[in-house]
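Here is the structure we will look at.
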Amino acid sequence: MELWFSERHTPHVKLSIRVEKQLYSAQSEYQRIDVFESKEFGRFLTLDGYLMLTEKDEFIYHEMITHVPMAVHPNPQNILVIGAGDGGAVRELVRYQQVEHIDLVEIDGLVIDVCKTYLPQIASGFDEPRVHIHLEDGVKFVRSCENKYDLIIVDSTDPFGPGEGLFTKEFYGSCYKALREDGIMVNQHESPFYVGDATAMQRAHKRIVDSFPISYVYQAHIPTYPSGHWLFGFASKAYHPISDLNMEAWNELGIKTRYYNTKLHAGAFSLPTYVEELLKDAE
Amino acid sequence: MELWFSERHTPHVKLSIRVEKQLYSAQSEYQRIDVFESKEFGRFLTLDGYLMLTEKDEFIYHEMITHVPMAVHPNPQNILVIGAGDGGAVRELVRYQQVEHIDLVEIDGLVIDVCKTYLPQIASGFDEPRVHIHLEDGVKFVRSCENKYDLIIVDSTDPFGPGEGLFTKEFYGSCYKALREDGIMVNQHESPFYVGDATAMQRAHKRIVDSFPISYVYQAHIPTYPSGHWLFGFASKAYHPISDLNMEAWNELGIKTRYYNTKLHAGAFSLPTYVEELLKDAE
Amino acid sequence: MELWFSERHTPHVKLSIRVEKQLYSAQSEYQRIDVFESKEFGRFLTLDGYLMLTEKDEFIYHEMITHVPMAVHPNPQNILVIGAGDGGAVRELVRYQQVEHIDLVEIDGLVIDVCKTYLPQIASGFDEPRVHIHLEDGVKFVRSCENKYDLIIVDSTDPFGPGEGLFTKEFYGSCYKALREDGIMVNQHESPFYVGDATAMQRAHKRIVDSFPISYVYQAHIPTYPSGHWLFGFASKAYHPISDLNMEAWNELGIKTRYYNTKLHAGAFSLPTYVEELLKDAE
Amino acid sequence: MELWFSERHTPHVKLSIRVEKQLYSAQSEYQRIDVFESKEFGRFLTLDGYLMLTEKDEFIYHEMITHVPMAVHPNPQNILVIGAGDGGAVRELVRYQQVEHIDLVEIDGLVIDVCKTYLPQIASGFDEPRVHIHLEDGVKFVRSCENKYDLIIVDSTDPFGPGEGLFTKEFYGSCYKALREDGIMVNQHESPFYVGDATAMQRAHKRIVDSFPISYVYQAHIPTYPSGHWLFGFASKAYHPISDLNMEAWNELGIKTRYYNTKLHAGAFSLPTYVEELLKDAE
């Protein structure tokens, strides 16, 4: 069966995945949601035709967006996760005993339902009593929070469509206010490689730099994302992402990971020269 | 014009690049050679239908296969480059004043001619008097060398077709013998992500580990290679890739790069857990 | 959403249809069955990845495989349809009052069920009392019939996989025997354009010519089949496909069609010179 | 080598041809011109990314656009061909001894040069002394002609871009005037199948019907054109395309063809019901 899903990374490049069959397709109030089965990547989720995650490589994204800040913050108890209706970030966070409360804010409840049904190994943490789901607009939710969270994870889609508001200066300001005095914000930060992605990345970076005293960018290899070179933003009120990393403490937790490790932690912040220059140009 | 070049990274995944026009196509004694023009990547070279390099991202590969060992070895004067008929590795090496002699061994002279004509910014170092081109089989060439080189760069194609011999135990043994007592061998080491590539990578790694006392693997983001996550092997008789790095010395050389920098140098050796496990399984 | 179904018409040509969503996918005892929704063609059915029919152009195939013989035979009462689990041929046949009995022999009952559910406008005749469904191998079914049918319609898949037996000399011989003394057999006859299809077409033609005294080939434009140029075989014991056509009688029936008409009837037997030569070569 | 040329027949359907290599690419004053080599179709020509002809199936188009009117007109001596810079129509016309003069009007001289170089078996008639090439706009050229031609062949591209003017009422009026009192005009008439093509076809048909007393449409199977079902317009001042066909006379000429024959001639005018209805709706 020649059935292929393609994503155009630019008008001139596309990545195509052979589909075994489609498992789900619906239009929610916010977006089109599809789940496919593939030989190479297992199941994968798309929103409005953009690939969000695959069973094969989602661990990279979810480990890197959670364990990096969790290994830096000495005592993250109260966490806000915005977007991330797939549950992958929550799945990683509930592995930490010291976490007491996780607010998950997802605008589209259907994404959560679909992931529970079709991607249960990713959406595995939703039933934990520490996890509180809010079907709301993340921008509005965080506006009313103050001095509340140790960590905010902005696990957004791209900076257009439903995820657009999660890349605004106003939103980053709200996040700053919603964090405790030593709080950390981590966000998915787009890619530096293709011009369109890089421009979005620079714009987001500029706004974060303007909002937080400490702001760094780190990277991971995510093969199913455009260019495979993906960035995350680490913004913080107090902690430095490398010098405040407590390797021993994290390793003693015994959390088994497949991508993240404390040696890679520092390396992930060592960016290629051209990426550093893009960031400097934006600052 | 809907004209697309595709490379199947596995039978179930393909990366497709829109082609503006084809600039060259011929069958050499060894392989089919094509050069295309594209909007996104500029010109790109394929051998037997496999993408070798693009003008847009070749700098990543060529900087990482050369500057990493060059920044570790205190005085690399005599260098052997095997494969690499495109000239990208040589272009980087001739930027070092202390290099006295570079032997480039390429089995297919037509690759050199084509790159000189169609990719002159990559094939820019061939006319340097320090560069000596040998149109020979690299396996045979290195067999007759002894205690001669400070650095051997194995810039091979994939471990099938013309490049197959450059992944054998016998070849790595010859390289060891051909190196001086503090010599370094660096090789393109395939990718850890897709099963087929990972298996080839493990096989190569095992053979290098068996041949050299010091053997490490480092990584880079190369968007046009399968999965975008590419590895290089660093094998050495004496130097450790990180503790023997002399950051200051390298930075004083004033070599302007776009991907490599001495901070990223160490980070590139910090591998994801699953890659470390693949390497350990192979060792 | 970039989701495309492709069928390779040869290793070097493919027709691709953008899919809105997949409606059904299952593996039956005999083959993989899929139903897709598309903007251009409405729903379409594939068996083992080969396109069988689309809502947009199925009328061409089904009208041409039924009305051509029905307009020639003066009194077709008892009809055997082999294959055709989609029901399109039956839908056309039950429009004739004089038809008393239709045996539909389909090896794969799941095809019938799937078409009833997902393609109800095609599978609309199955509940007629005149239609008798036999879930059997057509080759075996027809072997035991003698002097029974006025018309046999062989609505097969391609000459490999489950449909292979419906292209054998033995099968055509059985059909001859199963027909009354003035019976007609019509079969889907592949395409003359691509070499592989043309070879299969010639082989079938030779076998039919050897089995029947009267044997002609006619054509239709079916855009979603390879090359769009499709043939049907008209084999007969007594009637000539053109001189025995009773235009007036057929037009008086008042059967409304979208492709077939009695003027086109004769034209469909006027084949291009190269097709005539392929047929002559085979005879 | 996975290098594919695709043409979108609609936004939701595409035909893709595997390319062995590209032989030519240039931008003329009017359009982009490309020639490709393929395993399945031999060489093929595209203008602005639209497939114009392939070596494998061009004979169908060129035989049908020429021999149909040539077999009807009793003495075609002076012929005007508009468009058709590939030379295929001229190649067929020069096979007739009675033709004394052919004016070929092609706006883009580069098309002629490219076809002479890369498609010499198609562009084979240009050097005949009876053939007179005019590198001009066909619309302007025909405007100044009066009572001059026995046959005008409008071998245009699609009704947008350089070919747009060849589908206007004014142009058809000029053709009428340019024809002798028993002259015939034949034109490529688009396809009835996909909505966009069918609308263009209806519009052209309406304008021709309004300009000529006798106007018919005939069809051919052209596998590489959208849907494979292609139409031609036959407009005439005096002759009926079927009743004035002199089969014997044409067959005595001994012109060997691969698609056209005098039996198929009449059949080609027997259109499917839905096509007849489209034409009636337009009239």
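Going in written order, the chains are labelled A, B, C and D, and every chain counts its residues from 1.
We take it that contacts are C-beta pairs under 8 Å (C-beta built on N, C-alpha and C of every residue); 3 or more make two chains touch, one makes a residue touch a chain.
Protein identities per chain, from UniProt: A, B, C, D = Polyamine aminopropyltransferase.
Since the structure is predicted, the reported quantities are computational estimates derived from the model, not experimental observations.
Asks: Count the smallest number of chain-to-chain hops linking subunit A with subunit D, moving only between touching chains.
Replies: When the steps are counted carefully, the minimum from subunit A to subunit D is 2.
Asks: Compute the centre of every chain as the mean of its C-alpha atoms, then state which one is farthest from the centre of subunit A.
Replies: In terms of C-alpha centroids, the chain at the greatest distance from subunit A is D.
Asks: Between subunit C and subunit D, two touching copies, which fits better, same or different residues at the interface, with half of the numbers shared as the threshold?
Replies: Looking at both copies, the contact residues mostly coincide.
Asks: What is the distance, in whole Å, between the centres of subunit C and subunit D, each centre taken as the mean of its C-alpha atoms?
Replies: Those two chain centres are 33 Å apart.
Asks: Rounded to a whole Å, what is the gap between the Cα centroids of subunit B and subunit C?
Replies: 57
Asks: How many angstrom between the C-alpha centroids of subunit D and subunit B?
Replies: Their C-alpha centroids are separated by 53 Å.
Asks: Give me the residue numbers in subunit A that touch at least two other chains, ranges are fine.
Replies: Subunit A, residues with two or more chain partners: 4, 6, 14.
Asks: For this entry, which pairs of chains touch?
Replies: Pairs flagged as touching, ordered by label: A-B, A-C, B-D, C-D.
Asks: Mind listing the subunit C positions that touch subunit D in their complex?
Replies: So the residues of subunit C in touch with subunit D come to 4, 6, 10-18, 38-41, 57, 60, 193-194, 219, 221, 223, 227-229, 257-261, 263-274, 276.
Asks: Over in the complex, which subunit A residues touch subunit C? Could you list them?
Replies: Listed in rising order, the residues are 1-8, 14, 19, 21-22, 25, 32, 34, 46, 48-49.
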